[in-house]
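Next come two complexes built around chain A: one with chain B, the other with chain C.
== the complex of A and B ==
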């Protein structure tokens, strides 16, 4: 267990570092001059040159690379070119906003998905309808779901705000978007696991032992549903925290994804790097947590293959 | 107890007996050509036909500010002259839809092939040769899986001029890792069955074992994963073009049509709904093919829907 944990941590660190190096290299070959982006109306070459010197953009790539990663190992993500603030202080509130949205989205998709899955298991007659709905939800991109919700509930019914921002009223539609787009996976997991579990020998044995339905559901069936669902939740939390870019763009939700899009347009390299690195950490971290939880819930997964 | 019952559910008994018990006719009608597979293939055939014949539907770039808009300058609704109406610049929405479908179909087919080819090569090499090569390739795959998809796509998008090529490169760069992991797992599974060793014991060279003994076993898996991968590619192309990181106007793509349509959300919702329906149906055709293949071969059900 401890060895698995250490190995997974090391692999995770390597993956995050790899992402950081790749995005650093990609960012620095991006055509465009950050100095120009900072001072778009500057006419004198000296002003631009001065900005480049201040930002160390005039140094060789390898020196900038060394500087960036030395700072990174000290937990410093650098300073925004445009906003003159540390990247960490820019990202923190955006990450919080994305965090709320991710949480609300996961709750929505688990509730929706579990209901669909239960429906399909308990009522065979609606099974075909549920699969059709699942496939339809899978086939539509997240941002299209968001735009259609915005069209119906925002513009036609005037039930939801359309102006953007982070608040309890504004979170409903983006969370519902994530919920609808993610529900099919949970519906499938719940339906598969329930039908496997209910027809399994251990449930038959439990029934034969005279255990109550409630006890069997809670202690025998639920555990088996929980295990793959936890993995899925971990993957979703990670990928949502790495920026639900399109949903944030559609609804004007001031999260980390929107920050990344804005910074890319401004050629604000340190902020872009920061968001990508934070995103990679989120993905790796939550996958790890999900696997650990899974090993805790489901003893069969503890003996992991090398 | 769980350990005893688990293999019984998924083991060899589950594979062969179930279809046989349903008889020859049942297998013919139900398992060989499931409805989902037929409908999916038919839909896809229609879309490929539309993609090839796109110019028949009109010129997607022809702006018509005089007759293509209402007197107050709004997009036209549905009519005989313009079956799907016009967009904000008076261009025929039908023609743009057809060319958008052409873009989506090309992206789906090409980037599916490239991403799976790269993924399969990496997974096969890592799984077969093991050792340091396996360690390096699988760590690189971890990096690929840890990339925050959309952000990484936006970063790569900054490196290239807009167009089909950019979309295909981005999707390939992001989509190879999942099939690599999938194939790698499959190779490890096959290795445990021992015929790689027997091949080697009979004196076959490494590459011959990969080619003759491992690769053929990968085809059903790849066939089952491809439609899902292609569906993801269609969705991702639309997403990229919507964010301005894929195919830029005036070239038509379903994603940038939606981006344009978003401006007219209050007065011309069809400009959102028409391309959205296009994406839905193309993706659906691939998903149905995937479902159909799984119905034919339940062993492939472990291939998840969309590798995100």
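== the complex of A and C ==
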């Protein structure tokens, strides 16, 4: 167990580092001059040059690379070009906002998806309707779902705020959008696992033991269904935390995805880097947590101790 | 005895307690949608004895066993009377049967790996029976589970109880299945090809264990198999199924010495060739393939198209099970005669046809 954990942590670190290096280089491929983005429109060449010197943009790429990663290994994500604040202090509140949204989104998609999957398995009559709904939800892009929800519940029914922000009232629609977009996957996995499990030999054994349907569902079926869903929950939490860009833009949710978009537009390289690295860490972390949970739930995925 | 109620009981071995059979199946029919898998089978399992139910794939033997145990999917329909240990199981409601079933019959599945819950330690799966049906606490149940594991001759039962199915060997898993089946000491055990997936020496161990348990508890065993070797070693009685019907039944010795039905005769000839035949010599085979399931009961004998002894009568009129020898029932218009001389003729013709 401990060895698996250490190995996975090392792999994760390599992955995060790889992502950081690639996105650092990618930023230099993006056309545009950060100095111009920062400076007012009509600025003299001398002032621009001055800004470049201040931001060390005049140095060779390799030196900037070295500087950035030396600072990164000291836990320093740098300072925003635009806001003159440390990247960490910019990201922290945004990460919290996105965290809440990711959590609410995962809860919504799991609840919706599991209900749909249960319905489709236990009531064959609604199976066709459920798969049609699944297909529709899969086919419609996330931002369209978001806009439709916003139009109906925000502008028409005035049940939800339309102005953006990060509060309990504002979270409902973006979370629902994530939930609707993610639900078909969970519906499918729950329906598949459930029907596999219900027709399995171990459920027959449980019936032969004279257990009630309810007992069998709770003690023999549920855990076998849960295990693959856990992996997906982990992946979703990670990827949502790394920025649900479209949803945050549509609803004006001040999360890390919105921050990434803003800072990309401003060519605010340190902030872009910060959001990318934090996102990569989130993905790695939640995948690891999901795998650990899965090992707990399903003993077959544990490695045999020598 | 395996014979239906009208059969003579004089040949039943004296081991049987005179309390009546532990299982009486009367005119059982199992349908899957329109298909008739079991077509009016009657069968008895005496106390403390093993009845082997043999037949090819899709002959209906598993459907019969699962029908008796009420383990078929809800889409299957079962009619007929099943009486377990004097209790008319078919008269019980689903709920009544559920509360009593683990005390009435134990079911030992073919593939223990699939039949055990992969995410629960085996001790808990055994203990569950005592928690649910005997109202034991978690602790009492887990102690009882360890005793049950010891009962099926598992070494270090307290360690094994904490293991998950995938951490055990095939033989151990089958022992765990058996421990679950016998936990509440049911009078009837149903073993559905329970040794088919095991290697030969493990198979022998499991058979020996079941023999011991049978003697200890006096349970009757209904053993579904297509392995004639297992039948010869383990069973007291044999019932042969073909296309959903029981075509022959009787004591193992009598049937192995003198099969009455041409189908049984063919099966036994194949086995004899396998054991004593020269390497490379042609193996006796029953010609043709078993018939597909039909929706309506057949007219005539289902084996007739493959039977070298068939006559016009066989395709028109279904032969009833009739007593041929003490304790032996055969459903055939032209049963194989004594001393195998008709069988020799039939085999010769058949081999020529095939070569």
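Basically, the second predicted complex is superposed on the first by the 301 of 306 C-alpha atoms of A that agree within 3 Å, B and C clash if a C-alpha of one lies under 4 Å from a C-alpha of the other, contacts with A are read in each partner's own complex, and residues count from 1 in each chain.
Here, a contact is a pair of C-beta atoms (placed from the backbone, for glycine too) under 8 Å apart; a residue touches a chain by one contact, two chains touch by 3 or more.
This one's a predicted model, so the numbers in the text were calculated from it and none came from an experiment.
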Partner chain(s) touched by A:219 [first = chain B, second = chain C, both, neither]: second
Which of chain B and chain C A:208 touches, first, second, both or neither: second
Chain C versus chain B, contacts on chain A by residue: B
Touching partner for A:109 - first (chain B), second (chain C), both, neither: neither
Contacts of A:227 with chain B and chain C, given as first, second, both or neither: second
First (chain B), second (chain C), both or neither touched by A:147: first
Which of chain B and chain C A:135 touches, first, second, both or neither: first
Touching partner for A:170 - first (chain B), second (chain C), both, neither: neither
First, second, both or neither for A:291, with chain B first and chain C second: neither
Touching partner for A:22 - first (chain B), second (chain C), both, neither: first
Shared chain A contacts, counted only where both chain B and chain C touch the same residue: 200-202, 205, 299-300
Contact set on chain B toward chain A in their complex: 1-6, 8-9, 139-140, 142-143, 145-152, 154-156, 158-159, 188, 231, 235, 238-239, 242-243, 258, 262, 265-266, 269, 272-273, 276, 279-281, 283-284, 287-288, 291, 304-306, 308
Residues of chain A touching chain B in the complex: 11-12, 14-16, 18-19, 22-23, 26-27, 29-32, 135-136, 138-144, 147-148, 150-151, 155, 184-185, 188, 196, 200-202, 205, 235, 239, 242-243, 245-246, 249, 257, 260-261, 264, 272, 275-276, 279-280, 282-284, 299-300, 305
Chain C partner contacts - residues on chain A that touch it in the complex: 199-202, 204-212, 215, 219-220, 223-224, 227, 297-300, 304
Touching residues (chain side chain C, partner chain A) in the complex: 69, 71, 73, 98-103, 105-107, 109, 111, 114-120, 128-129, 132-133, 164, 166-167, 177, 180-181
